[in-house]
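Paired with subunit B in one complex and with subunit C in the other, subunit A is shared by the two complexes that follow.
So, the complex of A and B:
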């Protein structure tokens, strides 16, 4: 008797599972919308990556709080790109296999580049919120949208600003990766076009501790300004050693170095350093409530790519809402038609190449161990 | 000839796990079972069949990861020839991988060559670089050899990062997918099958090589260079052959890696890459082909299986590797008994 009851229970359970399986496709329509986040959560750039992820989470919380998207909740799937081309392809393939409805993120340009094909093949809408190497443009199959100004926009800003400061001779130092070298080359080109002189273009290795060979060379060339185009961790050390060597000229850093951590590493030496920056939260009037909700959810203030990444998530949500469906082609079409002004970082609309139509770079200056907006 | 044979046999006997202390029972049994020719062939056929049927079951993600693992099988088997068979510690193996990838990338992109025509050139370039690294290091042993090969690996990477023709730091992008008799190899599944063929080819070549005259000569040189030379083995030729063979394996991996990703950059050929490949070889068991294959799979699949752990995954993976080396100091695969 006992045995028969047990069997009946098993049968019932099986029937329930079967019914569940049959009902599943119906449920899926009202199931959550899944958005992939491709950022480096491990490796040397994990600080930025986690910051971007946190910004996406703030955006998603707001969206879900307002009743979700198309009446469905938004869920995140994180793909760790580790700032490595191979690892990011693995992560992107995983997101594509999960059939995410869209992807936000992209930090290291070199790692974002090979993933364009993966998302392109699946025609998944991809909003690139930080990577901005010009190499990404020809590799874009049409489904990716870059909402960070590219290296070309930044180099124009650098040349305009430094020329305005009366700088004539410039030394440019990069770190030999796609992003920093791209920016270095573009700036060198434009600097010469503007009729000024580039006295040195140097490449240093990632993770180097001692820059004395470089600082000696810069000291002897004594350019009016030194431009560092790579990231803050090594940039901080370089700035400190440059000042220690007695260099007195202008020091400027690209947008990879505009983290507050630059001051922890460079200390006093970072005073008066100019930083070129994509719009960061504390300098954006519209971002006050974003900063508040970001700080409420995390122990730190939002980093340099947080507002753009928040915008990226909101933009994607806006496009899905406008399309009225998660159909990839419709969402991509909606993204391409973006022409709205109410984003944190300023207006977003796209060129034919899916890059930002209007540059949004600002200039910062190191004062009392923090960045302030410089007079332009 | 007789003294040579006896000495070679002795060398082979020494090659066995010196202290099979507490061998894991399961693995030893598996290995014994594997040793029987009939089961061996059956197992091989089974594995090949599984590999062929794989993509019908796998998701795209798993297909990509498996493709990656098969790439590492080719690379690890190549390094196994140099390190495992000939006993030449090479810390710059990624250089050969880079030579293959960049030769194909440059010829197809900058000179508009057909992909298939670039393969022989890439192999020749790799063979030449094998001679370049092999030549100066012939007299060096252990630590010194490691330092020179390390330097060679870095020289290749830095050249790639600074030369105009290699696309400098941004590398090369937009490498066209190859066509074969009207079939364009472009999807993840296509590349999976390409790498299945490459990996099977690499395994067969490795087995044939280790049973060959030169395979025995490598073994002999590894155990006692002077004795080997006294017995009439051309030390120079044998060592160079090891480097060139290893380089060709690496280049083949590199060539198909380049067309698979469609973009190559210097970061893919870093010192960490060389270490990763060497780690797989040591982990599986130097010189043991099934072990090396196993090592390659562990190195690639390990971090992927742990992806859900997020930030902790590399830490957990590293602890796992340490534990393996602690309990199996001469590699996972047990020593061969003949």
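So, the complex of A and C:
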């Protein structure tokens, strides 16, 4: 008993000190604004992580070049999440104890998930630029904002786009894994809700080269469109065999198949195939100058999540500017009110759950052996 | 498409798929015949065959074209090269183990499989390689059934290879020796047959057939990768067991039957294609329950 009381006193004392420390930076507002960047800079996903970090640097350089934020320079503090839940919690705790004014990043959803609580407890504004698992949504304490579309958003986009093409009957093929089955089920549900018909939902084995039995079945059902929800390698084979069997309807593939390699495998058959993709720089007209500055600072082209991460940094800066202060609550409020349309990846505004109100998936079309942006 | 058209089309699909299974199953069954080994590396030999065929076609494609002529040539080169690879594998990995317990050699086969897979993984970085050819999509339509020229050539080539094998095994001295070795190795030695050489010939032929299938599959489907031998290895093994492992006609029949079962299994009303393997493997269980030696297998007598 004695011990417990003693400890409670210590805690109270610590809390008092803590409160004093928290109050301090609000008064002193002339130092630099520090933004945390939580990305995997080591480990298997380091390529993507460093790419995101470079995109943030491009944005910060522009901001500082324009006189900074609230008259103060912006500084970065990097937290390496290593695509690992433990490493990311350590990185997040470090950033939180550095009292950063906001955080951008988040690549692997599994590593981002446990950091939501860390930033939530400190009420630090967190703009998540790549992680897009729907599991993040219920775990969000309210300070995090997801600017990458989720799997659910992709199925909505697929349904909208194909309906727009006049497709009525749809056959969906997945590969039995969590990712492709999820997309297949979500799309099937929404397709039916939209009043259309799903004539077949099929699953194929990964690595099985011969899909002729399936293509015969599909041809006999003759749906207006076939949707492949898994990856490019088997997708390329399926597309080839579908066309070989004489199927002439629309073929669409999910974002696991939007690799340029699809054309090497499917060849001619991939002409006119529709693909869905995150907003990557090469297909965004607004990103031309971003690509230029990125290439000037790095010796590679921006990767798939670079534009979104650039947007994330700019969005956070916009929110701090709008709030006129780095006070966390005010910045979070500003983020929630975001409704500007001039971001690289398209318009960003948020739902009540702090996810994108409007999917930023783009539609691509196979033309002359490469992906081009399709007319929507 | 009418129901008849659909079934006829699935028959064609099943024949094509079954031809691949049969060619690979033949190697399984021949090797099992002579040294009683389930050669789990056989699917990977098929994969190597695809890569060698691709390499050859890339080299000579400019000269002879990448149509069926060029493919047949690269298939031939691949058969010879991979046939000798099979002999080398046998000599290095299996030969020293022939007197060891059966389990040791089985584990060795798994090790060989991993060595082959991971070598190609290391060389290709695990990427899919596009097998470019200028095979068209042309074909003939019989009513609602569409048969491409590629499918015809493919089934034709498989049939020629199988006929050649059948002639070799039944009409030549080596074939006779092979059948004899599968019955009783020790007696063969006493009769003056070079058993080591016959085993090598068996690996040569079995691997060459797998290489032929690998090259044709690469050209026909259009892509190859290091893991392509796994699933077909499993399926071909199943085909060999359905036909009766150790029996050459059994492997041919087993391959075709499995191909047809999978094609028709896709078409069963009310259930999706994800059930086709459940369907075909249930048939395997039934075959084994009612005829444990397989359709063409005899329990004690000759196994070739």
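As a convention for this text, the second predicted complex is superposed on the first by the 212 of 376 C-alpha atoms of A that agree within 3 Å, B and C clash if a C-alpha of one lies under 4 Å from a C-alpha of the other, contacts with A are read in each partner's own complex, and residues count from 1 in each chain.
The working rule: a contact is a pair of C-beta atoms (placed from the backbone, for glycine too) under 8 Å apart; a residue touches a chain by one contact, two chains touch by 3 or more.
In this text the structure is predicted, and so the values were computed from the model without any measurement.
Visitor: Does subunit B (first) or subunit C (second) touch A:93, or do both, or does neither?
Guide: Only subunit B is touched by A:93; subunit C is not.
Visitor: In the superposed arrangement, does A:62 touch subunit B (first), subunit C (second), both or neither?
Guide: neither
Visitor: Touching A:204 in the superposition: subunit B (first), subunit C (second), both, neither?
Guide: Touch partner of A:204: subunit C, not subunit B.
Visitor: Under the stated touch criterion, which partner chain does A:168 make contact with: subunit B (first), subunit C (second), both, or neither?
Guide: Neither partner.
Visitor: Using the touch definition from the top, say if A:224 reaches subunit B (first), subunit C (second), both or neither.
Guide: A:224 contacts neither subunit B nor subunit C.
Visitor: Which partner does A:75 reach: the first (subunit B), the second (subunit C), both, or neither?
Guide: A:75 sits against neither subunit B nor subunit C.
Visitor: Figure out whether A:85 sits in contact with subunit B (first) or subunit C (second), or with both, or with neither.
Guide: A:85: touches subunit B, not subunit C.
Visitor: Could you tell me if A:176 is touching subunit B, subunit C, both of them or neither one (first, second, both, neither)?
Guide: After superposition on chain A, A:176 lies in contact with both partners, subunit B and subunit C.
Visitor: Quick check for you: in the superposed arrangement, does A:117 touch first (subunit B), second (subunit C), both or neither?
Guide: It touches subunit B, and subunit C stays clear.
Visitor: Of the residues on subunit A, which ones does subunit B touch that subunit C also touches?
Guide: Subunit A residues touching both partners: 176, 203.
Visitor: Note which residues of subunit A are touching subunit C in the complex, please.
Guide: It comes out as residues 176, 200-205, 207-210, 212-214, 216-217, 219-220, 222, 233, 236-237, 240-241, 243-246, 261, 264-267.
Visitor: Can you list the residues on subunit C that touch subunit A in the complex?
Guide: Interface residues on subunit C, with respect to subunit A: 1, 5-6, 9-10, 13-14, 16-17, 20, 127-128, 130, 132, 137, 146, 148, 217, 221-223, 225, 227-228, 230-232, 262-267, 272-274, 276-277.
Visitor: For the complex, give me every residue of subunit A touching subunit B.
Guide: 41-42, 46, 78, 80, 84-86, 89-91, 93-94, 96-98, 110, 113-114, 117, 121, 133, 135, 138-139, 174, 176-178, 180-182, 203
Visitor: Would you mind writing out the residues of subunit B in touch with subunit A in their complex?
Guide: The touching residues are 59-65, 68, 161-162, 168-171, 173-174, 187-188, 261-263, 265-268, 304, 307, 310-311, 313-314.
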